[in-house]
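What follows is a pair of complexes built around chain A, which joins chain B in one and chain C in the other.
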Partner chain A sequence: MSQIALFGLIASRLVSVPNYFQYYVSGLSVMTLYSAAVFIGFDIYEEAEHGVFEYLLSLPVTRRQLVLGRSIGGGLRAFIYVGPLIGVSLYVIGAINPLNFLVALFSLFLFAFGVSGLSITIAVMIKSSDRFDILMGILDALIVRLSTAMYPLAIVQASNPVYGWLTNFNPVTFVADLFRWGTGIDSAYFLLDNPLLPLLGVVAFFSFFTFLGVIIYERRIEGGGWQ
Partner chain B sequence: MRGMGIVRMMEHDFRNFFRYKWWLVGLISMNLADLFIMAIVYNNMLDKTISAEIGGYFKFFAPGLAVTGLFASAFMIGREINMERRREVHHYMLSLPMTRFELAMGRVLSGGLRGMFYMSPLLATCFIFLGLPSFGQLLLILLVLFFLATGISGLSIAIAVSTSSLEKFITARGLVYYTLFFCSSVFYPLSLIQELGATGRFPSFLVTLAEINPLSSASDMIRSFLLPYPTFSWTMVINVVIFSVVFTFCAVFAYMKIIERH
Partner chain C sequence: MSKKYGNVIAVDHLDLDVEEGEILGLLGPNGAGKTTTILVLATVIKPTGGTAIVGGYDIKKSPDKVRGLLGIAFQEPKMLWVSTPWDIVNWHAKVCGLSTSERKKKVKGVLETLDMWEARRRNVHALSGGMRKRVEVAKVLIQRPKIAIVDEPTAQIDIVGKHKVWNLLLELRDEGSTIILATNELYEADRLSDRVGILHRGKLIVCETPKKLKDSIPGGDIIEVQLESEPSAGVINELKGLKEVVEVVQPKPSNLRLYLNQVEEVVPRMMNLLMRRNVPIKALHMSEPSLDDVFVHYTGLTIEEAQKTGE
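And then the complex of A and B:
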């Protein structure tokens, strides 16, 4: 909230992008959602450290159900955490088209589940909390900054074509653009001609990491080796 | 020998610091991504009047980034002390053959020195892109940053010994972090905050906080030596020294008194 009230307000006077405050507030919701959904991976290490893993493995559920439940649970709790921020975004941005907003909300859900799946996949693949910490730090640094969460795509492309190319295929870009489209932010800098493309991108991201997560989780969950 | 306890504590804390090497690598990556991605993109969408005043966002942000890194790493000592308190390691620390003052002062100084150590590649990056200051200016920069790092370490320790759980410490850290960073000239020029305050769009107490904020003073002092904006003023140095003295005293006092009570 202080990031909106302080950084958002001052940064909107710093740049020449019209309606930047609204743009930033909506992007901040997506950035926070990403950070909150990643946390499920840290929980997995804590469970491994405290021996809760063995208890989870002894439960009468399949490995598949376990990872799907964790992925959806991680996504949902991230969504609950970011709920007030989304509320503030809606208050700041104002009018919305209900149908577009529902599509945007659906994409946010899928994104949160996908990020949880990504976090679980990486956590069980590397089984080292130190390596996980650094990898997620670097991933966070790149995935958020090389997206349209903080700045419009046209400006990223003008700054550096490589950054622009990477930003174009980033799931954070897909979901940030969809959220802005859903909330009806109006500016020449963030027109979204076809919301279907980013929506497909978010669905692909969700499917890939949820199902990859299931496969890897099933294979790597047993046998210890947690550091 | 008198004073050796301080050196021993500093050695202990430096060893601990390198246990977090992976975390530090992640933090440096984030800092560099801020500079080489975020600052470059912001450079291209900066308001023309502000751009003319500060000479581009990349150059403006580079000194702020060094201060950001200094803050994050100097604050880490508080997390360790809070953990020691929760796990009752402080009983062992109190049993060491050194005075309470040496124990407390050693921890404040090591927190500051760790901040300086972490910040040095970021400051070097800043010099590479902005040019070198004169020898005298370099010494003043290092001295002021050391005072700042010690003050931050002191602030972090004072919070760590006054909070009973990790959650409370993290909440307090978040509050301090966001207030000090966003109400400072680390990310944007002070003149912009003052302008917003003058037009009533920003509360006047936050404008005052930004003006006396040691993070503003340290960032602006480095900028004043490397960029045409802002003009150097001794007030910048005095702000940091006062902050450092106050929080070093608070931390030493709080550490000595509170830690014995538990």
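And then the complex of A and C:
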């Protein structure tokens, strides 16, 4: 909230992008959602440390159900955590078209589940909470900064075409732009001609990391692989 | 089945059948391989050699089917995101597929049976070790699985609570569940188990009924007889001649100590012999070996010594 009330308001006076305050508020919601959804990976280490993993693995459920449950649970928790911020964003920006907003909200859901899946996948692959912490820090720095969460694509492209190209394929870009489209932020910098493409990108991101998470979780965890 | 952690052999070629509907006690000190065996059976960890068939399913090929048959009470309640006894047991029941209405009734019933109803809303971390253990046992009792595995189910529980948990486990067995009981408490193993398997350094040393295990110690039963008068050498020789008698010692002129097997069969014959030879008995004391003696007999160590060497 302080980011919105202080940094957002002050930074919007420095930047020549029209409606940058609204732009920033929507981007901040997506960034926070990403950070909150990543947290599930830390839970996995904590569970392993406290022996909870053994209990979970002994339950009469398949590994697939277990990882899907964790992924959906992690995504849902992140969404609830960021819910007030989304509410504030909605208050600041407003939503012109309720249907568009629902589509944007749906994409945020999928994005949160996908990030949870990504976090679980990495957590069970590297098996060290310290290394996970460092890697997620690096990933956060890259994935959030090489996206349109903080600045419009045109400006990223102008600064460096490679950055611009990478930003085009970033799920944070997809979901941040969809959120802006859903709330109806009016600016030539980020208005989407076709929201279907980023929506498909978010669906692909969710599907890939949820199913990859299931496969890797099964392979790495089954039979004590986390030890 | 075997399980190695690096160079450490936790379970060494374990070959064991568990009969349906029995309580099998796995007795051994900490580090004997009991918990590793349990974790392998529960498909939580994979064996490094061999396999196990649980309820007709191979733990390596059909782990999901195996877990569908099992319920486990670990040494400690293991939860992070729920923290009260009610929530822990309720969550477990939910995962095991109990409906909401059934769950409410059963969780209440199990917590009441285990004297945990008053503490149902307290944070589990604020509970005593014994109360936390009851919460863990409650999971198996509410699940009532076909195969229940309980790891030291009464550790830290007071004596009244122990008897309650023992009776509940016996009830579960009588309802048809097969129970694998991992314990290092000799009395618990003796009281509950239909058969006891002694584990030492990852190896199964022996597995039999408690009675057969005790009888397997040559001269393990002891009869101390105090006589009205000193027995003749002939009487002592006749007593030595009984096939179950291993040794007869005369600590005092009118006292005899007999080391033997199957005391219940020897006593009537011994009394007949002494009465026939007109040697009245003043007092008689019998004792049979404990599982502690059995453990010493098979491992050469007391369970405490085995624990120290295991560490």
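Keep in mind that, in the parts below, the second predicted complex is superposed on the first by the 220 of 227 C-alpha atoms of A that agree within 3 Å, B and C clash if a C-alpha of one lies under 4 Å from a C-alpha of the other, contacts with A are read in each partner's own complex, and residues count from 1 in each chain.
Going forward, a contact is a pair of C-beta atoms (placed from the backbone, for glycine too) under 8 Å apart; a residue touches a chain by one contact, two chains touch by 3 or more.
Source: prediction; values computed, not measured.
Undergrad: For A:80, select first, second, both or neither according to whether it touches chain B, chain C, the two together, or no partner.
TA: In the superposition, A:80 contacts neither chain B nor chain C.
Undergrad: With the two complexes superposed on chain A, say which partner A:57 touches: chain B (first), chain C (second), both, or neither.
TA: Touch partner of A:57: chain C, not chain B.
Undergrad: Considering only the touch criterion stated at the top, classify A:215 as touching first (chain B), second (chain C), both, or neither.
TA: Touch status of A:215: no partner.
Undergrad: Classify the contacts of A:162 with the two partner chains as first (chain B alone), second (chain C alone), both, or neither.
TA: Neither partner.
Undergrad: In this superposition, which partner touches a larger number of chain A residues, chain B or chain C?
TA: Between chain B and chain C, the winner on chain A residue contacts is B.
Undergrad: Taking the superposition on A as described, I'd like to know which of chain B and chain C A:14 touches: first, second, both or neither.
TA: first
Undergrad: After lining up the shared chain so the two structures overlap, which partner does A:46 touch, if you call chain B first and chain C second: first, second, both or neither?
TA: second
Undergrad: Take the contacts of chain A with chain B and those with chain C, and give the residues found in both.
TA: Shared contact residues on chain A (touching chain B in one complex, chain C in the other): none at all.
Undergrad: Which residues of chain B touch chain A in their complex?
TA: 22-23, 25-27, 29-30, 32-34, 37-38, 40-48, 50, 178-179, 182-183, 187-188, 192-193, 195-196, 201-202, 206
Undergrad: Please name which positions on chain A make contact with chain B in the complex.
TA: 2-3, 6-7, 9-11, 13-17, 130-131, 133-138, 140-142, 145-146, 150-152, 155-156, 158-160, 163
Undergrad: Can you list the chain A residues touching chain C in their complex?
TA: Its residues touching chain C are 43, 46-47, 50-52, 54-55, 57-63, 222-224, 227.
Undergrad: Quick one: in the complex, what on chain C touches chain A?
TA: 5, 39, 42-46, 60, 63-64, 67-72, 74, 76, 78-80, 95-97
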